[in-house]
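In what comes next, chain A is part of two complexes: it sits with chain B in the first one and with chain C in the second one.
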Partner chain A sequence: MNYAKVNGLAHRLKLFKAKPSWQMFRQNYGAVFGAAVIIIIILLAIIGPWIAPYDPAQQFSNKSFQPPVWNIGGTFSHFLGTDDLGRDLFSRLLHGARLSLFLSAFIVFVSAIVGVLIGAFTAFLPPILRSIVMRIMDLMLSLPSLILAITVVAIIGPGITNAAYAVILVLIPQFVKITQNGISQELNKEYSMAAKLDGASQNRLLFKHLGPNIVPAIIVQITFSFSTALLDIAALGFLGLGAQPPIAEWGTMLAESRSYIQYAPWTMALPGLAIFLTILSINLLGDGLRDALDPQINQ
Partner chain B sequence: MPNLLKAELIRKSYKVSNNPFKDRYLQVLQGVSFSINPGQTLAVVGESGSGKSTLARILVGAEKPDTGELLFNGHNVLADKKFAWYKSIRMIFQNPRSSFNPRLTIEQILAEPLINSKAFNRFEIQKKIRLALERVGLRAEYASRYPHTFSGGQRQRIAIARALMLNPKVIVADEPVSALDVSVQAQIINLLLDLQEELDLAYIFISHDLGLVQHFSDKVLVMHKGVQEEYGPVGEVFSQPQSKYTQKLLAASAGYKRAIEV
Partner chain C sequence: MLISLLRIFVTALISLIGLTVITFTISQQSSLPLHDYQSNSVFVQYFEYLGYLFQANWGTSNITGSDVLSEFLKHFPATLELLLFALLIVFVSGISLGIVAAKNRGTWIDNSVMGATLVGYSMPIFWWGLLLVLFFSLFLGIFPVAGRIDYQYYIEPISRFMLVDTLIGNHSYGMSAFFNALNHLILPAITLSWVPMAIMARMTRSALVNILKFEYIRTARSKGLSENRIIWAHALRNALQSLLTIGGLQISILMTGIIITEHIFAWPGVGNWLLRSVARQDYPSIQGGILALSFMVILFNVFIDIISNFLDPKKRRPLE
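Let's turn to the complex of A and B:
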């Protein structure tokens, strides 16, 4: 019986099975808080259209600038208040969560796949070509991500889709660098040589031996990239380069209510708070994951 | 009857200059030759930078020499692209902390050569791992634990078990005990000696410790800056060193002097 063939699939599935220590994770209160908030926000985003009391674009012209329910003059029919055009803020925030989260997830998914593939490929290039690719990545990283994204959007034109392309491009270099560095470093370690001397093929070395040592770093990078993506999309929206009104998007909502901050502070505070809470939770979660995924720390 | 392993005039150099117009090479090995038979131990001694570890890597197939022949049972394995080094000539690394993948269990680590040989099913592999652990003096239950949960001596035992998984004929040990406590060193050396007797293994033992070499080996190869200074039976080389360098090396070793006085 051929062990390698019979168990090929089972083996392949086991390759990337990260083994986080839940005990370690549970003791990290920040990470648990982050995970809890993220789960709530994701659930709200998923069921948003069903629990939103109004259509996000529906305007109640006689009810503009209605304050939230806890302020004087607030009502339960618009319990987070309304904006300058009388649109229900709670409904807009829910739809914004949906847009921001799904868009960020898509952006990170694409840039992680592209970045990891480029990085893995680069790691096996001859040194000269490898340094050329890596210097191009350094060049992209040396520019602040938002400036680079703005440049890209300026070239291909504003809009939510183009903003997404720009952020995807901006996030790729980090993944390339992490993957390439990870593979190069792990290849130089003695256990890689030991695996080669155990007769492991190139593919087996990469997926079975190096992979599990690199994947945790990529998972952590995914969480940080996710928050960058969310923030950059919001920032592009705020600058008028991303989502265009009347789309309910957190950054665009911030921009629209900018002029009313003294008169109706909740119109700006609520989307800002949504962005802040989401990004804080993702970063806390990322920190917790980084510690929990390392078998040497978590014993 | 050919020797089990015979090296002939192995040379190796590394490119040390990045200037594409002017190649500079560092001669690491300048013609090393030796032979070894089953049950024998060849010690390779020399100061740091003398090319001992490069020789070890060439002997296990991790690197290719520039010129020279390596005959395994009379068969030139350097010319044979399909030679399965991992079934015949195995290595024990110096540092038991870095030579194991931190994310694999001992079972997965020991299974690696067996899986790559494609000759065993899952149950045979598990049984062989159990036997291998017991053979090096560890409990079979340890198989499910991770490398960092073991002490240095235990890890070196696991390294020996890994080297022996496919019943190789030659073991190349690159300073296998220099990273261990003195009390543990003796245990590992005794384990290696027992295994040699039991399995008729040939050892190529790279070491700094001349006292240990004298006690442990049959032949000795003295290296200095990539040059083979002296090669012969351990008694001859130690009692009547021919080369200046060997004499200096022996004089510098306190352990050796003590051994002579006793």
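Let's turn to the complex of A and C:
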């Protein structure tokens, strides 16, 4: 009897009574809340250009520092208020959401693909070469992400594209480590041995047998990397190394608002709140996914 | 043990080689070479660069003309002071919050501490710092907005740690200078320690909750020991090793945070110096700043590795 049949039999005999992932996820209210908020933010980012009342760069010079609608002096025409140059904050926030989310998605996409490929390749290298690659990854991981990003920006210059390259580089090592560790660990388990003895080819072993056991950890890492990417892009923007004014990016908007926080606190509060809410929801979602998909990590 | 220590040092050595390659690349961006290299080949120049580093010659800034290493040493005490103060907050309040949550696990106290820490670790600290300034400095007016000490105080730099200098220095302000400096330290330290403190509290709680399931805790309970004694004397003692390691990992988060915090509070430390150097493309200084900060992180990791090796024999792995 080959191992797949044993596996199937075990399932039929209900030896594994694990709850389906979706049920576990649904019971985690924080995760559901996070998922809901992040879906709303993604929708806002997608339909942003159509619902934004003004162009994010349009300046109403006679209307600078208009407070939000719930403050004295606020109007519905600029219902989240305006900044120092009289630009509509709601339109700028929507534009910022689009920029932050799409850029972070792109960054995570690239670094996940590169990282997983390097990791999978490394797992099959001879031990000495593997050790060298992993030590390099350890170096990149041990350096604080912002210092690494500043290094990259210092070499290739500030700006949003270069900041994106920097963050891609920062995120790659985690994916390499997870993939490499996952493959090495799974290869030593009995089921891979059984599959090998059963005559499975390298590719079949990798994609059919190891893959499903590694993918959950990678999905969880993707969620957390997404929040790191968003936070790092905003931090670089805030430090003046990422997106440059007049681009409407949340971190850059926060940096511009610094001089006016006493006079116009909403120009600081709103972009920060946007960053915070997005990060919080992604983290809640990530925690929920981790508990639902990969109970081992949680232990 | 010896092999395990060797593994730690080899790892650190590879990290240092990687690091110096990176900083050498940065120094190559400069229009003027950082040092007088004898050779034309970049490969040989790298080794010459290493030689200069060992002779404490880190180059001169092409903007200010000052020596990079002494410039770093001038800014470093301010950074270290803030870092140590924040680390103290991380350990003391992080661990206490974790203990409170673990002791009351499952109750509303536990839930609210865990909720607060979840909010804590999702907080972008550059926003958090501004909110603290808005509320405590501008609205309540109890903490200063920026800097290390008010302008009316002239404190001669001796150790360059403001708290120490105001105490031992020869000046006529009495204790008011010390409290002024302490007052300046509080908001930056809270900003900096916020995220690691939240992580520390969560980790302490989960470590304690795991340990409290063990048989020996049941034995202790059946002996009639109080819950306090069980947590402090039995559970925490065994959690300490993992807490130390986790605390050590926070140094990386603190290093990222310190650059942002110094930027917000105009703190005259290494982070601000590094940002200023990036803004004016002062490559020798960028090279020096990144080298020094990263070197500290690597050194700290080695330190934590060695300690956890001593504490936990299971960590002693052979050379890979």
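Points worth noting:
Operating definition for what follows: the second predicted complex is superposed on the first by the 273 of 299 C-alpha atoms of A that agree within 3 Å, B and C clash if a C-alpha of one lies under 4 Å from a C-alpha of the other, contacts with A are read in each partner's own complex, and residues count from 1 in each chain.
Just so it is clear, contacts are C-beta pairs under 8 Å (C-beta built on N, C-alpha and C of every residue); 3 or more make two chains touch, one makes a residue touch a chain.
Every value quoted in this text rests on a predicted model; they were computed, and no experiment measured them.
Counting the residues of chain A that each partner touches, chain B and chain C differ, and the larger count belongs to C. Looking at the shared chain after the overlay, A:V37 reaches neither chain B nor chain C. Across the interface of their complex, chain B is touched by residues 1-4, 6-7, 19, 189-191, 193-201, 204, 209, 212-213, 295-296, 299 of chain A.
The part of chain B that touches chain A in the complex is made up of residues 60-62, 84-87, 90-91, 93, 95, 98-104, 112-118, 120-122, 125, 146, 148-149, 162. On the chain C side of its complex with chain A, the touching residues are 11, 14-15, 18-19, 22, 25-26, 29, 118-119, 121-124, 126-127, 130-131, 133-134, 138, 252-253, 255-256, 259-260, 263, 274-275, 278-279, 283, 286, 290, 293-294, 297-298, 301, 320. Every residue of chain A that touches chain C in the complex is listed here, in rising order: 30, 127, 131-132, 134-136, 138-139, 142-147, 150-151, 153-155, 158, 227, 231, 234-235, 238-241, 251, 254, 258, 261-262, 265, 268-269, 271-273, 275-276, 279-280, 283-284, 287.
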